[in-house]
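One chain, subunit A, appears in both complexes that follow, with subunit B as partner in the first and subunit C in the second.
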Partner chain A sequence: MKKKLPLAGALRSKAFTLVVLLVILVALFTVLASVNNTRFFTARTFIGILSDLAVPSFLAIGAGCLIVSGNIDLSQASVGAMAGVILAVGISWWQIPWWGAIVLAIAASAAAGLLNAVIVNELGIAPFVTTLAISSVIKGITMLLSTDPGNILVSSIAFTTPATDAIAAASFGDIPATAIVMVAAFIVYGLMLAKTKLGKSIYLIGCNRVAARLSGLGEKKISYFLFINCSALGGVSGVILSLRSKQGTMLALQSDQFTGVTAAILGGISFSGGSGGMGGAFMGLLVIKTFNKGMMIADSNTYLTFVLSGVLLIAALTMDYVSVRRQRKRAGA
Partner chain B sequence: MPRRSFIKKPPDTKSVVLLALVAAVLLVTYIVKPGSFTAGNANQILLVISYLGIMGVGVSFLLISGGIDFAAAAHATCSMLVFTEVTRIAPALPAIIPFLAALAFGALAGAVNAALVEGLSMTSFIATIGMASVWNGVVMWYTKGGTLALANDSIIGLTMAKIGRTPVPWVFVFVAALLAVYSTVLNRTRFGRSVLMIGGNAGAARLAGLNPAKIRTMLYINTGALSAVCGVVFLSLSRAFVPKGLTQNTPELTALTATILGGVSFMGGAGKLSGAFLGIILIQVLSYALQILSLPLWIVTVVNGLLLLIALLTDAIAAKGRYALKSKSHAPKAEQTEM
Partner chain C sequence: MEYLEFRNVGKAFPGVVALDGVSFTARAGKVVALLGENGAGKSTLLKILSADIKADTGKVVLSGKELSFSSTAQAINAGISVIYQERQLIPAMSVMENVFIGELPVKNGLVDFNRLFLDTKAIIDKFGLPIDPEATVMSLPVAYQQMVEIMKAYRRDCLVIAFDEPTAPLTDTEIDILFNIIRQLKEAGKIIIYVSHRIREIFQITDEIAVLKDGRLVKTLTTPETDQQELISAMVGRDIGDTYASLDRNGEPGSVVLEVDNLCTDAVDNVSFTLRAGEIVGFAGLVGAGRTEVARAIFGADRILSGEIRLGGGSVRFKTPRDAIKAGIALCPEDRKEQGLVLWASIRDNICMPVLHKLKKLIFLDGAAQDRLTQAAVEKYSIRTPSLWKRALELSGGNQQKVILGRWTSDEVATRVLILDEPTKGIDIGTKAEIYQLVCDFAKRGVGVIFISSELTEVINVADRIIVMHNGHITGEVARQDATEEKVLSLAMLS
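Then we have the complex of A and B:
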């Protein structure tokens, strides 16, 4: 029991560092924007950030739960792109009703997750490379789906139905409905991880897989659930993106391949499993998106954003290192 | 020191399988499209294998030691930019000066990776992805996404030169020599054995008096430098600096796939560089064959994924075999450790 205390302390300090980082970012961009005669600190900016969060947040939730259990899924973004294309193709080419297309898209995503789970659990291959390989297979399938009857690869398939347009435009006041669904999802999954028996089992599997198996937690069943959950949520984010942009494209989410994983790690979900939570993942995502939005408003040179988003990741990892070491020292003293 | 007998060594099944696969792909291509066996095509394949091979040697050496570098392509791209800019500023200088500048940059970038992973004990996977995003960002920021012309075309000859009338480029010979040198270092020297040992069990290696952090730091720097060489060869092929020319094909993932195909364990501690090189040959011959047979792009993408999966499966089966052998000879010990 003694060993647990410094770990919990480190986690608390991690959420704290992220809040500090966020405050610094907001202050920095407020100053930078005023230098460039634009304004950062407005309600519109924050609603924009909240709305930007919706798509990657489902990636981060799925990836986060999976990483807590000590696994990883790199195929999530490709699965999301596939889901978006299935939605678009289903509505505009196959003429199936919009809800059928959404169900089909999510079901196909879940099937991809099942495939990952089977290969990792039954064949015993490292999840990291398994999902990298599956990602390539899924990309190929997405290309096949986007090939029209005339054998031409269509890079983006537009679709429009009154119902899907209404879902994309739905909002409560100024806040888009998808953002509210996102917050609800974070709360539900956060509670699941922190409060339920399933959540505790996931942490235990992440900490010590063998011990979890020996104590009869059904670690394989849980691993299947988490892989399928991760891909299905990837599908959800692809569907949301597709609904919003009114098109499905095989290039969707390409820049978000590592966003979910990065957000989870930034938020304190350790790569080796068994630590972190949904609150941290949300904070991590918030920091990333605030940074991107701020760069967009404060500086017109978008290329600099590429550099600085890498720097942000490295800086956050360094801060994490420093805080963990400080905690360890304190625990040792 | 006991003399090793080279004849008694069991045949390396993995390499044989890879070679057979390459032959099979070539045979199928020949049957379907005999006209495609031209000197020009052979030259193209060998050139691509050459620059990928240079990166592959670095990446697989690092992987054997238990490290991973996702920034290799970004390092190569940034080195290309360094080379292009040095020739633009001083076009009169011989090509060796900008080459050395690019090499120095690559080594420096490798050292940054090493500092993050070994110095600050970050996860190698995420730190190198972060650095890849930094370096790619620097390139985009500096070039604004535009193509830069080469001020000095002396470098183009580097990949143009062939051995006599054969389609084999001299660069390929250089890569083969590089492979031989690195293989010898890995298999025949004390340093190589240390690399294998820290990849297999870093803790045990440390207790045995090795310094895993120091060895991996050297390998990160080595990977960076080799990526720079890969970049210069690619620059010579593309004849101008295209910001996304190299990274759009994700060669770092190709190198990784090839490495695992060739029997380097993803977890470190096992593998041969020649196997990794054979993996690269297989991937390139296959993707070129798929192009020549004018199959749709989606099949090519699916096949690439399946190839990696097959590689992993055989790796897993081989590992199981190794484990079974080990547990047979040390049965009581294995039980003890499990408890």
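Then we have the complex of A and C:
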């Protein structure tokens, strides 16, 4: 029995395409930056990119796993903002210990995921609509939480404790601790998807939910897990952002609203479910953030960054579309 | 005289030659059968005809003019209609809109629904069908949906109409309706190509037969001048003898393994029966009689309203298929591609699916164990594939069915009751015989088998007992020794 050549597979994989894209971006920005008399290719830039990654990486992991199973969650970033606000409000207004506030923030996020899962699985409402609606609900709750006893909406709630400050500042050499946690999370979730029964089941459910159910894969339980996981990880990214900025704000993660989903799709996790993996999601995120950082250093206009981000996504999806079509043609389907 | 000629048509896919220099001619007013086992190249030929794929060599000629289309739409406009098993209808739209899709009658810039209704009604009456032009397609039974597809081709006044296994989802009465329509089309001077596995139908409806095997044209025959034996040996390349008589059956069923008492669901009413270990119980009936629903209820896939199910003596009621599988019930669902297989996943994943939890090393899946299990199933069922990694969608229908059977056979799943829902639908004769024997092997190992089939000959010859259903009720039970097609059919059509 012939096994697939590992190298050939790697060359054709989405992650490889993204590595090429990344090299092109780095080269491009190095040139652009030198035109502007600044430097792109520095250790500082890369450490900067790495720490920029930490917050959205948890969004990408959660969204990625969920999309592989053929679902989607658009409420993730709102949930993250809520978690950040709960952390800040918990410490500075409710006077609960910092660890209690973190636990509460993540638990509330997980609860939002549970709510998504119940609506999607029990009421049979499309995940797209469900999570959009829940996102709105969460935004409202976050505003309510940000309203102080004098009935004034506080846009950013500062907090400080020695422990949270220490966590925010923790690093190994030049590399921030959060970056290390992020890499560890990618590895753990990557192994889960690629090597465990749960991971295999997620792919099979993403490919054909009915067949998976009739083969006893327990698709409902897994769907619950993935929604809760996605929201809880949204909470983690909100908490990390809050810890770093020493404040909680209902406006947090606004610009990262779709970063998780975008990175996953860019990295080859197809919207139709059942394909892609954590390596691709990581590379997708890396491309997005390198791009943003590069645009910043090259001192381009903000509007241009937005326009080009959109173009980048369309380009990646086109590549995905073409390769899927070629595959289908080859398979004669 | 109009004619359609395939001239030396060849097509290769990576790893397989699907068609190798096929030439034959279909004439107006004749029905030409394309006969062959799965993978013989029939579907590829139809896809070339409809311009879905391009031939590598050769050409297709319609009445002296070479056809070359760059899209299926062009082929349709040129009067070529291929009616596939997968119906190409818009389910939420009405019958009349589907029939006239693309050419809705217009008056003053708006759709003229009056004319649309009348024109559609005229076609429906010509076919002699009780269909409401305004009904949505999805509200119709599968058979009538197929008729809508045919009406679409008729409305376009297509000269060439090709049917790809049109009777697969139909019951015998519905097949009669279809054949009447085909005869009408024939009299109207159409060129008709008819792809089927069912030998009996070929003798009923066709005038000429082109037999394909492994991408080559083996023989062309005139229907009245040939017989079943000649066709089968041309198709299979050998004489397969009497399939049913040569089955190695389980002589003595054991004790009762499954008892169903007064089972009621949304679709079935007061169904009671018993199944012994090592016994094959057939379920016959028309499409929609409730056979699939009985299976799904037992399997925990549909909600049970009332009634009792006892497995090995103990009362059970499964909330999910997962619970049923744990208790030893296995289901090969009716729709192989939609419900049975994960088409884009490998053979290995498809076979290991229900037992993944037993194929672990610590927390990770054990690749070697999965390989072993898959290899064992591939050998046991002679699944023809170059690799365990091949995607399920690249296999022929027969091999796909064997993959699903392979799922329930390993030592890791203790299957006590196996439910097969239309296990041979769309499968060629050679593979059917293999599957019948595999089913008997399950029985010999002491598994109780429920065998649901719409093919009468098959169900009365494979099963030990036949339970007949009509409209959600059991209307009778016949032992194999006493079973005749007439007897079973009269129970199935009881009103």
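Here is the rule we go by: the second predicted complex is superposed on the first by the 306 of 333 C-alpha atoms of A that agree within 3 Å, B and C clash if a C-alpha of one lies under 4 Å from a C-alpha of the other, contacts with A are read in each partner's own complex, and residues count from 1 in each chain.
Rule of thumb we're sticking to: a contact is a pair of C-beta atoms (placed from the backbone, for glycine too) under 8 Å apart; a residue touches a chain by one contact, two chains touch by 3 or more.
Bear in mind the structure is a predicted one, so any value in this text is a computation, not a measurement.
Peer 1: A:188 contacts which: subunit B (first), subunit C (second), both, neither?
Peer 2: In the superposition, A:188 contacts neither subunit B nor subunit C.
Peer 1: Is A:308 touching anything from subunit B or subunit C once the two structures are fitted on A? First, second, both or neither.
Peer 2: In the superposed model, A:308 contacts subunit B only, not subunit C.
Peer 1: First (subunit B), second (subunit C), both or neither: which does A:141 touch?
Peer 2: first
Peer 1: Touch check for A:19: first (subunit B), second (subunit C), both, or neither?
Peer 2: neither
Peer 1: With both complexes overlaid on chain A, does A:274 touch subunit B (first), subunit C (second), both or neither?
Peer 2: So A:274 only meets subunit C here.
Peer 1: Output check: A:200 vs subunit B and subunit C. Expected answer is one of first, second, both, neither. What do you get?
Peer 2: It touches subunit C, and subunit B stays clear.
Peer 1: So which one touches more of the residues on subunit A, subunit B or subunit C?
Peer 2: Per-residue touch count on subunit A favours B.
Peer 1: Thinking of the overlay built on chain A, is A:35 touched by subunit B (first), by subunit C (second), by both, or by neither?
Peer 2: Neither: A:35 stays clear of subunit B and subunit C.
Peer 1: Examine A:215 and indicate which partner it touches, taking first as subunit B and second as subunit C; both and neither are also allowed.
Peer 2: second
Peer 1: Which subunit A residues come up in both lists, the one for subunit B and the one for subunit C?
Peer 2: No residue of subunit A touches both subunit B and subunit C.
Peer 1: For subunit A, which residues are in contact with subunit B within the complex?
Peer 2: Touch residues, subunit A against subunit B: 119, 123-126, 128-130, 132-144, 147, 151, 153, 258, 261-262, 265, 271, 301, 303-311, 313-314, 317-318, 321.
Peer 1: Using the touch definition from the top, list the residues of subunit C that touch subunit A in their complex.
Peer 2: 13-14, 18, 44, 53, 299, 301, 320-322, 324-326, 331, 333, 338-345, 349, 353-354, 356-357, 359-360, 363-365, 371, 375, 386-389, 391, 393-394, 407
Peer 1: For subunit A, which residues count as touching subunit C in their complex?
Peer 2: 1-4, 191, 195-197, 200-201, 203-204, 207-208, 210-218, 220, 274-275, 330-333
Peer 1: Given the complex with subunit A, which residues does subunit B contribute to the contact?
Peer 2: 116, 120-123, 125-127, 129-138, 140-141, 144-145, 253, 256-257, 260, 266-267, 296-306, 308-309, 312-313, 315-316, 320
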